[in-house]
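What follows are several structures.
Look at the two complexes coming up: subunit A is in both, with subunit B in one and subunit C in the other.
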Partner chain A sequence: MATHYLVKRFGQAVLTLVATVTLSFFLYHAMPGSPAESLKNVILSQAATGGTTVDIERLNQLVALYTNVQPDQPLYVQFYQYFSSIILEQDLGTSIYESKPVTTLIFERIPWSMFISVYAMVIGYSLSILIGAVMAFKEKSRFDSVSSSILIALNSIPYYIVGILLIYFLAIQNSWFPYGGRVSSSVTAGFNIPFMQSIVYHAALPVLSMSMLGLGGALTMRGNSVRILGEDYLRVAQLRGLRDSRIATQYVGRNAILPMYTQFMIGIAGIFSSAVIVEQIFSYPGVGLLMYSAIQTQDYPLLMGSLIMFTTVTVIAIFIADITYGFVDPRISAGGDNE
Partner chain B sequence: MSTSDRIFEVRNLDVSFELNRGASRVVRDVDMDIYREETLGIVGESGSGKSMLASSLLNAVVEPGICSGEVTYYPRNGEPVSVLELSEAELKRFRWEQVAMVFQGAMSSFNPVMRVRTHFRETLQDHNRDIPAGMDRARSLLESVYLDPDRVLSAYPHELSGGMKQRALIALSLILEPEVLVMDEPTAALDLLMQRSIVSLLDELQAEHDLTIIFITHDLPLLTKIADRLTVMYAFGLIESGTVDEILYNSSHPYTRALLAATPDLDVPVDEMHAIEGSKPDPVDRISGCSYHPRCPMADMHCENNDPPMEQISSTHRAACFYHEEAAEAIPLRGDGNNPKQKGAVHE
Partner chain C sequence: MSNQEPDDKVDLEELFNSSGGHEPTPLKERLKRTADLTLVAPARVALTDWRAVVGTVILFGFFIAGTVGVMLVDRPTSGDAPILAQPFENPNYILGTDTFGQPIGAQLIHATPDMFKMIFAGAVVSVGLAALVGLLSGFMRGTAVDTVLMSVTDVVITIPGLPLVIVLMAIFAPENPYIVGVLLGLDNWPGLARTVRSQVLSIREESYVEASRIMGLSTGTILRRDLLGQLMPYITINSALASRRIIFESVGLYFLGILPFTTFNWGVLMNLAYKGGALTRPEMLHWLVFPMVTIFLMSFGLVLFSQGMDSVFNVRLRARHASTTKNDGGAGDA
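Presenting the complex of A and B:
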């Protein structure tokens, strides 16, 4: 039963991935000036400025080399070629401008994006769980109403506005923090304290503004906790004379955090899309910035590649959430037997 | 059953909630004695204050309710305890060690993400009991409520049926060997067979563990099977109390008699059953005089203006009615005075 469930979930994940890749491939081709078209234009204009001419065959070869696609083939053949080289050779094509394989470019930058987004999520969600729990315990107090208002305000202001304000006040006006980059150029890279300090120093503002995204969870946490404070089992726990700390963690906390677990995992998707904007604001060279510049330069192979990367990470996160939920909540057992 | 053998003494108990439209008094001036090792049944319609009365025995009235008056608990050995004056820490020890409570909605009385075993273990742990010995006791308790200890202990709450959960909760309530078990509609959500089996189970457990049981329900026929004494609540106060026989065959308050006449019974033709006219009073806008006078066929000016005190009818029987002597005549019970067999039917 459990393996059946696992296989089913895995199949769904793979299907989602394939569907996303297919959809974005055809959508890109439906855009006016397809990837191949625009690449052709780029090469032709380069050739024109260089004063040389390129014959059609040579042009198609170049396009095929860069994008994994043979532009004169019908669309479904192009798709087949693109797709099979992803599967068989883990090849996402070559960036048009950087002249490097897309995979290399992405893998160079993924650790940096992961670094800020994981910290932003962990900080955002931990804070929101804490604030939400305190708000619920002090329901209807001044603290509750004040922080509710602040949280609703923060939720309504997009995180990138917060990012811009942070840059303005903390980096430009007061120069407490750098307003760009991921590490100071004056320190030597490696496993040493100044280097690591510099990384944290540069990541502080992006992490801070991205964690605003997770803070909205505080209101969810508050709602969940208030609901559980009214549950029968909580009253029975109090009547049983259990310790307050146990009631707070095992009874209220655990049951209130449960629904947020999936939300947290799905939030990974949101954090990547927001990385695009945050990294742009803080000129933080992560995957987000890479994707942003790919859009601007119409670097289609790179764009497709980072999109596939984002989708994969999101689908994997949801898959993990799915199969681990049974361990966190016994009522949703994976497959419905032993646990 | 002498007065010296009291386990609970309740005096002038009031429970009120502050609402926007005024204070809502949901328990009103209750005086009550509960005797050691008896089964006291508290009966009354929905919203008559039964559950609030029960909760105040553990000083567990939900926020923001305010409890005032005196609730004195007499332990088997040692000084009397004034329950309403206990500190938070003292309350934590008092609850479940002296008085345990199984209440309405036992279906959701277990934490859904914890195994049943953990519920027993944490209760023992937080009351500083010896865990291995306590878990052995848990097993024997579960056996005595006809559950398979291994299966139930390692199960999650959602894996048990309603009746099993109810019985597991009764076992859990006895884990610290309390003196008193307060049961607030413990059978409300169960089918008839399960109700009956739990009732007979309580009888056995009571004998085995020298328990005092306070059983709250609106199911009068069920109470007559297990209770030694009955107390009837109406409009947030007690209106009559006595032994089961006194209440069933010789009730002296018009409301009790009307309640008995309204109890459905298969042996009685439908046209002999009588609903009580009118609706129950509001906890905020207190009516003057006897709280039952708007619905009482016997009420007169005197009832409208004066609140009747509890009057002693026999050494065990009290009723709050000016006309308790005439009530039997004014409101006949089913088959009153002609057919003893039908009296038996009520009892059944």
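Presenting the complex of A and C:
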């Protein structure tokens, strides 16, 4: 049964990737004007500024080179070529502006985006579980009401405004943190302490502002825990004389966190998404900033490549979460479908 | 035995013909009861919950600003006022002005109607799609329709929303606020669709829905009578939360400069101020701060409203506040 569950989740992951690649192919065609017409215009205007002329055949070749879509072929052939070059050759096309393969550009940046996103996720979720649990144990206390109000207020502030406020108070007014970039230019890159310190130092504010997205979970955690604290089996556990720590983790914690798993999985996509805005505010050179500059320069291959890459990373992260979910919740791998 | 049968029949007829002896409830009374149960009682519950009151007041304030305010305050143009006037100094432009001499307060007000249009379009699309998909697949559990709908839902959940929306915006560059709202709503529905589906699955097992099915009521009638009422709380609360998300995303996209700057928008104000270096120039700070406060206020209003609705939809609370129900609290004096 467990393998059946994994196969199903894997199929889902593959389906998502196929859907995204298909979507990006059709978006090339949905661009205002005929297929890849706008791309031709971009190439033409570049050629004009460079003082060269381009004939139609050369233009089609260029479009094919950049996007893997050959505009003079029938639609299904185009789709097949586009699809196979992405899946089989891992070729996302060539950036028009930088004249480098899109995959090269993205793979340079992706560790940095992963770095801040994963830490934001871990910090945000652990904090929200911790705060929610404490609020539930101290239900109706002053701590409970004060932190509820603070959480509701924080829920109403977009994470990018939190980012701006952090820059203003911690980087500009007090200069405790740098307000942009990913590493100080004065340290030498490599496996040494100052370099790593500098990376952490630069990532602190982006991570903090992105982790705000996870904090909404605290109120859910509080609600779940309060409900479980009233259950009969908890009273039985207490009467059996189990240790408080065991009751808190095995009985309350586990049952309160499990229903939030789906919320967390949706949150993974949300946090990877938020990188686009946060990286722009902190001028943190990750994939999000790459995507932003692709829009400014109308670099469509790079834009589509970033979308496919963002989806791939999210799909992998969610697949990992799915596998672990099977371990944490035995009901799931047993094939139950009553969510 | 055979002698008793007619007696039984008479008894049964009398039993079921109970309305014959009563005066039928007059229309006026019935209308009054309906109004009491659907409007007055929820309003009374809402009044006891400070979150609902504050949330409604804030949202109503924005509504006034977006309708009456737009008529009262002139559309700002460059050079209306001195450049970078500080806030709270001149009553004509109480929130100060920007580097083009446009009053900031007037810009905030004139951005409100478009904001409402975006929220409306986005909330209708996301909540409508979610309710449709959730209801359908919940009711057709186990069929091919359910499988297909849930696969599509899972695919849309997984595709990161913001990069997808950014690609769509970059390609189509929409200027109409309704279209912006629809595009933002497109990646917003799957979470609610799953909630609706699981609600449908659990409500289906309830005995009264089972009873309706045994009585031979059509699926449509059951949906309308039994399910929609139960789902309304989720749908209302999630509309408020979807609206908040649409505000966040649209303002974020205007702030990044991805959406075309054709209208007034809080995000456009923030973008211009931020790009102008408002963080390091104290004389420009108000240009950045007031849009941020506005966004906070509106989403705070929506969050409070959604939480207040939680108690309004609580049936027991509502019954206690209704004056036409007999046995619970309210003395039938109305």
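Assume the second predicted complex is superposed on the first by the 315 of 339 C-alpha atoms of A that agree within 3 Å, B and C clash if a C-alpha of one lies under 4 Å from a C-alpha of the other, contacts with A are read in each partner's own complex, and residues count from 1 in each chain.
As a convention for this text, contacts are C-beta pairs under 8 Å (C-beta built on N, C-alpha and C of every residue); 3 or more make two chains touch, one makes a residue touch a chain.
Remember, predicted model here, so these are calculated numbers, not experimental data.
When both complexes are superposed on subunit A, subunit B and subunit C fit side by side without a clash. For the combined model, the angle formed at the CA centre of subunit A by lines to the CA centres of subunit B and subunit C equals 60 degrees after rounding to the nearest 10. Of the two partner chains, neither subunit B nor subunit C is touched by A:E89. For subunit A, the partner touching the most residues, choosing from subunit B and subunit C, is C.
Contacts of A:A30 after superposition: subunit C is touched, whereas subunit B is not reached. By the touch criterion defined above, A:E139 reaches neither subunit B nor subunit C.
With both structures placed on the common chain, the touch criterion links A:L242 to subunit B but leaves subunit C unconnected. Taking the two complexes aligned on chain A, the least Cα distance separating subunit B from subunit C is 13 Å.
Listing the residues of subunit A that touch subunit B in their complex gives 231-233, 235-243, 246, 250-251, 254-255, 258, 328-331.
Those residues of subunit A lying in contact with subunit C across their complex are 12-13, 15-16, 19-20, 23-24, 27, 30-32, 152-153, 155-158, 160-161, 164, 167-168, 172, 262, 265-266, 269-270, 272-274, 276-277, 280, 291-292, 295, 303-304, 306-307, 310-311, 314-315, 318, 338-339.
Residues of subunit B touching subunit A in their complex: 58, 60, 62, 91-97, 100-101, 103, 105-115, 122-123, 126-127, 156, 158, 169, 172. For subunit C in complex with subunit A, the touching residues are 151, 154-155, 157-164, 166-168, 170-172, 190-191, 194, 198, 201, 244, 247-248, 251-252, 255-256, 258, 274, 279-280, 288, 292, 295-296, 299-300, 302-304, 307.
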